[in-house]
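Naming follows writing order (A, B, C and D), and every chain is counted from residue 1.
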Amino acid sequence: MVQKPIISADAAAAMVKEGMTLHVGGFLGCGSPDAVIAALAARGTRGLTLVCNDTAISDPKSGRTTGVAPLVARGQFAKVIVSHIGTNPETQRQMNAGETDVVLVPQGTLAERVRAAGSGLGGVLTQTGLGTEVAEGKEKVRVGDRVFLLELPLPGDVALIKARRADRAGNLQYSKTARNFNPLMASACALVIAEVEEIVEIGQIDPDQVHTPSIFVDYLVMAKGGV
Amino acid sequence: MVQKPIISADAAAAMVKEGMTLHVGGFLGCGSPDAVIAALAARGTRGLTLVCNDTAISDPKSGRTTGVAPLVARGQFAKVIVSHIGTNPETQRQMNAGETDVVLVPQGTLAERVRAAGSGLGGVLTQTGLGTEVAEGKEKVRVGDRVFLLELPLPGDVALIKARRADRAGNLQYSKTARNFNPLMASACALVIAEVEEIVEIGQIDPDQVHTPSIFVDYLVMAKGGV
Amino acid sequence: MIEYVENKEIIARRIAAIFKTGDVVNLGIGLPTLVANYLPEGVTVILQSENGMLGLGPAPAPGEEDKDLTNAGASPVTILPGGCFFDSATSFGIIRGGHVDYTALGVLEVDQEGNLANYKIPGKMVPGMGGAMDLVAGSRVVIAATTHFEKSGASKLKRRCSLPLTAAKEVDLVVTDVGYFEVMGGKFRLLEWFKPYTPEWIMERTDADIEVMSTCRCADFE
Amino acid sequence: MIEYVENKEIIARRIAAIFKTGDVVNLGIGLPTLVANYLPEGVTVILQSENGMLGLGPAPAPGEEDKDLTNAGASPVTILPGGCFFDSATSFGIIRGGHVDYTALGVLEVDQEGNLANYKIPGKMVPGMGGAMDLVAGSRVVIAATTHFEKSGASKLKRRCSLPLTAAKEVDLVVTDVGYFEVMGGKFRLLEWFKPYTPEWIMERTDADIEVMSTCRCADFE
């Protein structure tokens, strides 16, 4: 089995170029690739489009941030496609000031749109969002006596994901609710960088228990404090 | 956590009623619920619609059968919706004789149609089958400059699946390529019966390594030779 | 003269009494989360959390938090034996596919057609819908959990929602701190009123069509 | 006078030489399966099997078969270290999503437009398409692997397929036992001819438009 290069967080961040569409795993910061995000924040690459569950947490009082919030704070996103911005007041401020284009997508629809991109589907039909602002401007498809929204794939240039463990081939296992969007993001992007807490030898992960197959992963990065 | 009833193969087979749509896991017999299939063959329930990857293997010379082939041999299916019948000459004979309605579906499309039924999608768009007989009579949807087939969900009444291991709550783990369609079938049917080789106590399966969550499973059946 | 006193505990207790053993339930962030504290003895429900788990347990003891184990509000939680984890596509497959029996969630407005608004106040607050649109569209039974009145005194039960909708005509049950309603036929049908309120008092103060069912009864949570 | 002798080994060897280390490859049942035996020293490809695995290994030793571990033809196989298993939706997500670099599969007919027929002879044989339609529609590069002629002597490379299609205009490369072709611009472009055949001999006996590329060369597998 082919081994995947293990690179620094900064080398990973350098692969993200201005204007790219960036898929980032994590749910309000749980399961986010924090080392690569910190490196990307340090580089300051701008004009990015974010596809992520949310813009994570930014607490104006304590200054505490999680997940992609440091990138939001530096204004690195021209556009964010997310299900939730309620815990990041800075995203709301940028939206109201016209600095960042915010597209809100229902969480389950976001998951399916990313999955569709990764699995070669041209779209999926869902009833989520019917009769709401989400349906505006979207094609409706009637099947029998029911009407559905046609939701389109969301592919990306680079996926930054976080896993608990990788083998040297790039097979990944996630931990608990830190799994969330990570496997989906890995399937939908041209380049996939996985930040992991532990790298084991090939053969040490049970092949029945691989969450993301190695072929989806291009590079590995060690998380801070990883082994 | 609620425990799931452990019933006999015959009690499971008795839940399958004439005319029902039956989803069966397995790939040419690998990962098929053989004990429940044998019990259903013994009961002889007829007029069933099968949704399965294939009609498994029936070797006219040796008399060897795998998977759902015993049900095919007894003429219990009025209709089969499968990707492959090439290893079961009896299905071909029944098709040619007009005894069984055979609908051939590309394997990946079959997987997505069953998944769509299980996950509340009204359909999916795929390019598989475009320009072939599979596309005949189906709605085409244009997205940008590409055309896709609209493929519709395939829900069922009863799923008969096979897993390596269950806990008493019904969480399942599959073994190797015996996984195949089993998790998909479990999601798409009103009633789900899982034949398993081993039943362990609740808490003995790592929650990160559950392949089918307990809430999809209604009854457990011990496989022959199981522990 | 009956005076309204906001009471979230009554709402949580009444919702908790709806479930039976084996039900799969998603409790939204905020008020609905309280429901878990009032599940009757002997009733075992399975809590789903849309960020990717079944078998949601109580908050961990201080110092026992796991960075990789949170609920959909990013609070540390635990998992009960027999629970499991999965990715977001599977999680919403479970939700959209009708495998969640009940979802209870907070509201800004709910109307007599079953419309729900809880994700946006234009020009003021736009947190985003998160998983709410899928939960409301996909769950078998949708329970709106809300104090009956806003701070201003206006009822949150409306003839017609004025805020952007989370979902159209999907709400089945409404539990407030004055009563328990079913949404059907373009009306709120009052199933129970909660002491010390009365059906007349509720109807007077709610700008919506309320039908008092013949089987309607008083529930006393004191 | 050159006489045609069917030679599946040459087809397998030529296809094996196409891949480079790291490529994800699906080999169809039958002739394409042989390709695995001829992968050059030092080239590590990752074999996908559409019934749910990556890292497909050789057949097990007699007595070492595992009932739960087969390929898409139900033959016992093994898994190499670093391989993994998944369900059929994931398997075809990998295929349809373009994550398989090459698929090599057998044909009944292949034509100069890139159309492929390999799943059905109406009134005679209807095995079903299995995973072939997804593999041909989804893989990055589709390689048709076939002896050049039928038993009857007719070439399997056609102007236009007459059998029901497995996929329209998806074939990229055709490897037979007389040559190696690229399908482009409505023609078979001959990239290599295999000794002892010649471009002229191939063009004479193939009822299809063949263009001999200026870079076309002779490959000797003797």
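What we mean here is this: a contact is a pair of C-beta atoms (placed from the backbone, for glycine too) under 8 Å apart; a residue touches a chain by one contact, two chains touch by 3 or more.
Computed from a predicted structure; not experimentally measured.
A.B. asks: Keeping to the contact definition above, tell me which chains border both chain A and chain B.
C.D. replies: Where chain A and chain B share a partner, that partner set is C, D.
A.B. asks: With centres defined by CA atoms only, which chain is the most remote from chain D?
C.D. replies: Using the mean of the C-alpha atoms as each chain's centre, the farthest one from chain D is C.
A.B. asks: When the contacting C-beta pairs are counted for B-D and for A-D, which pair yields the higher total?
C.D. replies: Comparing B-D with A-D, the pair joined by more C-beta contacts is B-D.
A.B. asks: Centroid from C-alpha atoms only, then distance chain B to chain D, rounded to Å. What do you get?
C.D. replies: 29
A.B. asks: Starting from the mean Cα coordinates of chain B and chain C, work out the distance between those two points in Å.
C.D. replies: The answer is 36 Å.
A.B. asks: Would you kindly tell me how far, in whole Å, the mean C-alpha position of chain D lies from that of chain C?
C.D. replies: Measuring from centre to centre gives 56 Å for this pair.
A.B. asks: Residues of chain B that touch two or more other chains: which are they?
C.D. replies: 112, 115, 120-121, 126-127, 174-176, 179, 207-208
A.B. asks: By the touch rule stated above, which residues of chain D touch at least two different other chains?
C.D. replies: Residue numbers touching two or more other chains: 53, 79, 85-86, 89, 92, 95-96, 138.
A.B. asks: Please list, in label order, each pair of chains that touches.
C.D. replies: A-B, A-C, A-D, B-C, B-D
A.B. asks: Quick check on the complex: what are the chain A residues that touch chain B?
C.D. replies: Against chain B, chain A makes touches at 112, 116, 120-127, 139, 141, 143, 146, 148, 150, 152, 173-176, 179, 207-209.
A.B. asks: Which positions of chain B touch chain D when the two form their complex?
C.D. replies: 27-31, 53-54, 57, 66, 82-87, 92, 95, 102, 104, 106-112, 114-115, 126-134, 164, 174-184, 211
A.B. asks: Quick check: in the complex, which residue numbers of chain B touch chain C?
C.D. replies: Contacts found on chain B: 1-2, 115, 117-121, 167-169, 171, 187, 202-203, 205, 207-208, 210, 213-216.
A.B. asks: In the complex of these two chains, what residues of chain D are touching chain A?
C.D. replies: 21-22, 24, 44, 46, 53-55, 79-86, 89, 92-99, 138
A.B. asks: Looking at the complex, which residues from chain C come into contact with chain A?
C.D. replies: Result: residues 49-53, 66-74, 79, 85-89, 91-92, 95-96, 115, 120, 125-134, 137-138, 164-169 of chain C touch chain A.
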